Amino acid sequence: MTWDLELTKRLQHGASRFELQVSLRSAARRLVLFGPSGAGKSQTLKMIAGLVRPDGGRVRIGTRTLFDADSGVNLSPQSRRLAFVFQDYALFPHLTVRQNIAFALSGGWRNPRPRVHDARVERWLETFQLPAVADHFPAQISGGQRQRTALARALVTEPTALLLDEPFAALDGHLRQRLREELAQVLATLNVPMLLITHDDADAQVLADEVVHLRAGRVVDAPQAREPALA
Amino acid sequence: MTLPLRCLATLVLACGFSLGALAAELTVSAASSLTNAMREVAPLFEAANPGTRLQLNFASSGALLQQIDKGAPVDVFASADQETMNQAQAKGLVKAEARRDFVANALVVIVPTAATRTPAAVGDLAQPAYQRVAIGLPASVPVGRYTQGVLEQAGLWAAVEPKMIGAQNVRQALDYVARGEVDAGFVYATDAALMPGKVKVALTVATPTPILYPVASLASSPNAAMAARFVDFLTSPQAQAVFANYGFRKP
Amino acid sequence: MGQAWTALALTLEVAGWATALNLVLGVGVGFAMARLRFPGRELLDAALTLPMVMPPTVLGFYLLVLLGSQGPLGAWLDQLFGVRLIFTVQAAVIAATVVAFPLVFKAARAAFETVDPQLEEAARLLGVHEVSIFFRVSLPLAWRGILAGLLLSFARATGEFGATLMVAGSIAGKTQTLSIAVYEAVQAGQDDTANFLVAVTSVTCIAVLLAAGRLVPGRVPQRR
């Protein structure tokens, strides 16, 4: 079983309170969590990543237990070895593209130098066609390049799973399609399970091996009629 | 506002203004050591001269002189030593005729009550046991000048000066001793008498020149007559009795 | 005018130490206040800001009562280490540090609050540990705001008078800083000395501000 999730959490979304209860087991390599905004997708992803602590339950990916309320296991985000791509990428504005990608490779108190040279960094720069902008800062590059930088940064650590939070939400239609296909290609060469959350139908169609629907904090079992893609 | 209320308000305001017109305000700058005594003398003068209000201003004599020199509106100046008054006279701030001595004082060495060591003579202060001695800044504080005079005459200034903790005025020196921050201090006998629980007098020190306090009305005072009256009052039996209570001697 | 140069050296020494101490204290506390949430946080913030609004003499009095040989902390220090803080340059440093602390603390807190917490989350997920995150992500991004606070702190420490006079006294060569020297020169009618000291102080402050302006780190380049 690739994904084994049992998550409960009491949440407040705007004025309404609801209880998130996600129960999910899947062997899919590419899982898409699909639902409208406010369904609890982001919270679910954050709980898997360890950024938010669930009230109860467990998180298991592959053979690793990341969280288990009963046995008191709760790995810190640092130890979960997951790749996480935020919706607005969360690139470090004071570091160049190269330094961003190399960030996880230095464990000390100092950031990688601007002229850092590491085979792994160079490989990912190549994979995502970034060498031309390697010495630029995030503010100086395009949205698509930022998204790829965020991906490269997350993947350089050789993670055990890849989590993506609405990765194309900040991009316009045409670019979105291109990057979606690019991501599909990259994933084909990687041997890493992926969980992507989105409210865009097209993402599910292109990237998913399996789609799970989330609505008001709960996984909806019965197959739903396809939701029109929300802008 | 209703009519009766308006009438009342006008009446009150009128009274206030007229009282203001009658009252004379006298600003008196006096040396720090005179603080307590002056505060008791002032109401006596006010009672004897209805409509007059005294504004008292205390600091080291040197600081007061600078204020006056720079134009502070002072009517009467009482200093703790002749030197400061001489400077005032030299600058034309007071006239020789207006000046007179009104009290005398003594210089003492005090230590904190809890002190284990008490100097038997001024020379003892040169010993290593005494590391910090509170002395008024000689440049602006009379008690510091008296102290320097005494120590120089005894040939002790070179030994004691490195231990000196400078005080901005005599009351600060007193405070340093009272808090136990220094091992000994030079103040007036009248100051020491104010804190019997916190300081004890180790010895009385004879000064080369007697400690005589002069008082004078200022040449520039707009209330010359009232100022002169206050100066006279300070030598009256009534005022002198108050000074004697605090340990001041007759001039 | 040797007195003036001694006073200047002492003033810079005291202000330098106070600013260095506040760099550590102010940044540490500012970061904690920006990131931690707990009941009574704003009350604590107000208490820590108090030295900025309190009259320096009042502050000096509290320090005197605390650190004096009869005070709780002072008596303890004297008993255990034979240390008497009053009338020492260390007391002057303490007074300057306390008085200028809120300037660094508030600037640091505000600066850290502008740093997107998501960046710190991203760093965590990349496997970097908390202390490293502080030095590699939070601090570099907050640095300019903190530097502004440090400059103000240095200027405030340079001019500190009331609290310093209370706990450090005025001992030429040891605790007589420029502001105190000016005060005494005026009291003693030594206007020439006072003028000279004021000139030295003014030139020093301007020089510090100009030098600090050069040190502000380069901006992250914007999209052209």
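All chains are identified by letter, namely A, B and C, in their written order; residue positions are counted from 1 within each chain.
Please note the rule applied: a residue touches a chain if its C-beta (ideal position, glycine included) is under 8 Å from a C-beta of that chain, and two chains touch if they have at least 3 such contacts.
Given the structure is predicted, the values throughout are model-derived calculations rather than measurements.
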| item | value |
| --- | --- |
| Chain-chain pair with the highest tally of contacting C-beta pairs | A-C |
| Chain separated most widely from subunit A, comparing mean CA positions | B |
| Per-chain CA centroid nearest to the all-protein CA mean | C |
| Computed distance of Cα centres, subunit C from subunit A, in Å | 44 |
| Centre-of-Cα separation between subunit B and subunit A, whole angstrom | 79 |
| Euclidean distance of C-alpha centroids - subunit B vs subunit C, Å | 37 |
| Subunit B-facing residues of subunit C, complex | 64, 68-70, 84, 86-87, 165, 169-172, 184, 186-190 |
| Residue ranges of subunit A in contact with subunit C within the complex | 49-51, 76-84, 86, 88, 90, 92-94, 103-104, 107-111, 137, 139-140, 153-154, 157 |
| Residue numbers on subunit C that touch subunit A, as the complex places them | 116, 118-119, 121-129, 131-132, 135-137, 140-141, 220-224 |
| Interface residues, subunit B side, partner subunit C - complex | 60, 62-63, 65-66, 69, 87, 132, 137, 139-140, 164-166, 168, 176, 179-181 |
